[in-house]
């Protein structure tokens, strides 16, 4: 008998019951304000992951030795952010209830909120490590509160001051930077300086790690909705995610804002795949 | 003193108070289910209209003799369909209150609903001429009622049976075709047959004309969110829109679903521009 | 427990044991002489099939009522045509041995030979209906006999004179046309004329149907390796494949030469999807 | 000893002294008003001609039996139209002085003027057959007289009334159409009607044939600087150029306005190649 | 009453009479020798500037606090460099006569000459800071003196030796480098070394700042007519333009050679927007 | 008499008999496993080399002073690796027999094997310097031994242990890295560290230099078949190839894996051209 056509991220073909990490995709981009298309990212990442090897010479580890299940994409309704977030939250909740790490592939950055709602319920003391070009701290965007531009503000509302650490930030309204400076979040602008200190400080905490790939400079990652020049290099990001994932107690994580329609050469998708591989291999 | 940079569709530079037609753009595509990007259409159409001439040898008329005002795009919040529809409705209402014809450039097809709500308030006996590849008669789409796939169903809820005439339809769920056949709307599938009879029948009615450009075959119009092979030719569409606009009492109209990110060669935008020019010139 | 990520052509999710048709992909293009990339077609077709509906208003049938299993792609070694053809032949043989129709999605046209070798073993009296822009009757191409440009010649070697009917042909070397004219195959150049007569003539025969999508005019199907202007329209092709699949005893079939890297707008993939849907629905 | 890398249009490798037709390229587009890039056309046409066969089943002739020399591209100075036209004129003059037919591949349409100046000197009674979407009859364009939008007007100044026959025209300013109607040129708008009568009428005249490929509908030919919907089909154009080239005394000809940067799929270049092949084969 | 559709660079919406800086676009690229398309830059920059914020965390300043008027694009005749330069000069002259800083957005680099002619008339002691990959010091290019490849040579002819400082230069003919070395201009090849010393040296001079964006490495700025590998980074350029604009007496400036048709991902346009924002904010 | 259209890499127009270096292209990519298209590289490189200058300010040398002959591309049969390698070997052999340096432009990396077979026959003590992102040390790839993924392994089989020096490697299966570590080859992973020591060590040896351009980071070189993030910079590569070519006894070399279909902006082709120019200028 022939088999059905199962498609997963390269090397992530464990059975669910033994898996320690579960991938799930959120193909949603309804609130993207500039250039949409991040909805196509989870599928692009699975397909192009086969241009990678399973083995990482950086960590001397192999995905074939990891226990990862790829649960595919959630079918999400465009135009209804609340419904989409509910569905994402349910998937994350299921994964958490089975004591596995939910690893979300967006989609635009708003999808983080669905995952984080589930994580915060199980781990109320959770802290956030946030890599991004943008503050994402707006109160609302053109009257919309469930917007990619507000997602970290929404997360802050769930956990309060002093629990969010933002790196690489180089764009936002003045009031957003002021909001951070007044103690609500910690912002390390422009780069990843102070990451080591932050990791040391948070090493005993539960951590949610949200990675907006536009933290990368557009030379490394052109295929994103709102490219913002002046970002970090691939190597810096790779080293940082390995540190974050291997040294902290990651309870959930996500990688978002790859926008394949603006990735004509495919290199942004290749970058996303490699970052995801290194994160999976580094997760404790 | 230097002038500000005013950008309008070619030849549409009348003053507002003498204008008979008012263009307005709705850069919105949050409910697009397949390939987003129609938000960029109104701006692309204005820019590329300058590849056209103002003179039409088909109608022997010139845009420089028309009285058209281009009011630019409405700033619409991605991710909130109801708010977007309200803003579209307000703009249409303002134009109608000044006894001008509101001519909407989408955006995805859902934007029609905002315009139509305004038109139906002023012209309660309004009928609809609808050109499209898709029925757009769904009750809901993944639980969402304000979706591009439901827009004609939402319009039907406002005006009831026998008032909607759909042409060129070649895609939908079976129940949508059955809904039409049971008398709710008139569907002429695949092509524009029966258009002349319909025009004759409706010649004394108030008409709203909504044109989803994907009624065209993708060979003529590749740059759209959901291309559907088997459509009509440019020449057939041009002749039809001239008839509809010149022989019927058009109280409002729209042209939608141009999706510039999928129009690499620019020909879809050029087609949209030419159709808009011919519609403007034909409007009584 | 969460499910694995199964990806199939829209509506083709039957269980294998009850399926009547089995899809299988051959992501191979090593012998393409002009522009490679057809290897990406089977995957593109599955993904973009979700831009289609399962219901066909042309045939008033729905894929959800069909019994089709999608067995995914065969992993094929680039650079070794014979090994690739063997693997394709094995898959087709398995499907045939279970009394199902093997429906192959290429890949370049050479993949047909693998499938046909299996079919001719089971149905030695098989005839071929071939739609294509090119004769594909070369003896060899730059010394290579297993080439996309020779595939019908290779099939002819298996079944001999008078069993191959070629339609839409408009490109080839002079000697290829002479080869056909001397009675080896029947060529209807440029279009689909004489298709009805051929169907009538072959109605009691076993048939293999091979469709090179470049039979379409490049205006309808730009995304192919060797575009050849002067082809047939989408509507003509759709009507023809419905006839061929519904009126003849199809024992196997294939659709090939979609080349996604040259399909920037996605319309060629959309065309391929719709043709495949109509073929499936028409197969007896 | 190894050979230098000679690149010619497929099958056009005769020695100069025996050639009857001489190809020459004019990679110039400085006056293009909308979308530049036609400068890349001659080179693209040579390269992609190898996706064609040398044999035409339409005319049952083969380029390998023709006597054609490809003299490559003239090095032309961007930004100086007069200097460019002089260089084109010199090349054409050389070819004519050797009693061969100069066959020019543009470039934008202005290049025709250089070639035509040479032809009119040798054949003062020359008439023009002009296929185009645009009238090209402007007196000047933004103050510039040597513009692609004025090229036929400039030719008319050289030969006067009643000697220019324009087909397929569907765009221009009103005064250009009026200029034609007042007897200066003959315009057959929109299509190729009346071509047979024109050929009959001109059958004893010396003819220059200038083909702006944007006469084609953009569905067949998207890759051009100013796409103008509503054009003719590839088959109609192919049949027409075969007639023009085989039935008239062509003293010079050109094919222009292919713009490769807007031909992402390559089909426009393929169309240009095939039209050039058929023209060469048809030339007496 | 509805408003006309005014389009300006983000945050640059002051009234003319109070503006200190005036933007003006020169959509011209007729002399581009390699890949044209810079004509589309000013419009692309305005449109995509809305993907930026008005606030700069680098300078802690906001465009909404600046006094900038965007006067839109000049309508320039393709194919006539002298006429185009005259129109650019007139616009610059008008702005200068109102004691505002003319800030030009090209277009190809030749446009600088028009602006500089106006500036040098008002500020005869003007010096030039020039960032570029190319020397632009040719005497002529294929016989054309008004060419993008000659623009700095033309400027030198207006102001003489020792007044031009070129940075980042890494391409040119040998004689151009020799011309510089013999004392006509100062060239700092490959990078921005010595910029601080130059700024110190010129701090009391009147300065024209011309920025050819191809000084950036193509990894940061692929969308340009003549990409030249080995350039500087975005961050280095940003820091440098802030220094130049804030520490020197800038009397006029320009940013040129963005070529949108080669910027498929949009990141080059985003880079240009951010550089322009930082320059505006830094101008004294 | 007019000349034939000779196309060579810029400045490489010496006569064969006096040439010291001979360029030859191998447009072959049949074994590419991920994204094909490298076949188009040699032609793209010749065409776009004219966007470069012949003069290098880095080495203060000019191609017009070099003695380089461009012998064009070999016509290679897609789908038959052995036949292709034979033809490449013959061309290299011819060049070597005339005591010139064969400089190969691929194509995929497998083409190196053809060239190397010729070189090793003439120079049996040859050593290899190999820059690449990938180990290319597989025993076989999906059963195919003549694969781009195995090419260095095949070369090793010809010359044995300790003669191959690999730099920049960052991707491969674990067993490939182990193969190297066990003494078969020397791998310097990730970067070009130890290059100086290697050059010193090999300074009296005969060297074949094979450059897979994907050693570059995809930000510098997106247009390649298998982009692998984390690579080296353009400047590092340029400096390294100048050292390798100027300080070692290069008996043959190649540059491969440019894949133009994925180089939409053209910058990868520009990078390849510049690297080739610097290599030619540096070769002793």
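All chains are identified by letter, namely A, B, C, D, E and F, in their written order; residue positions are counted from 1 within each chain.
Going forward, a contact is a pair of C-beta atoms (placed from the backbone, for glycine too) under 8 Å apart; a residue touches a chain by one contact, two chains touch by 3 or more.
Computed from a predicted structure; not experimentally measured.
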Co-neighbours of chain F and chain C - touch as defined
A, D
Compare the contact pairs of A-B with each of C-F, B-D or D-F and report the one sharing over half of them by residue number.
C-F
Quick check on chain B against chain C: do more than half of the interface residue numbers occur in both copies, making it same, or fewer, making it different?
different
Note: chain D sits from chain C at a C-alpha centroid distance in Å of 38
Residue ranges of chain D touching at least 2 other chains are 35, 217, 219, 264-265
Once the touch criterion is applied, which pairs of chains come out as touching?
A-B, A-C, A-E, A-F, B-C, B-D, B-E, C-D, C-F, D-E, D-F, E-F
Contacts from chain E onto chain B in the complex sit at residues 1-8, 16-17, 22, 24, 43, 46-47, 69-73, 91, 94-95
Note which residues of chain F are touching chain A in the complex, please.
34-35, 169-174, 177, 189-190, 217-219, 222-223, 226-230, 262-265
How about chain D: which of its residues touch chain C in the complex?
50-55, 57-58, 60, 62, 217, 219-220, 234-235, 238, 264-267, 270-271, 274
The chain A residues in contact with chain B across the complex are 29-33, 35-37, 39, 75-81, 83, 110, 141-144, 146-147, 261
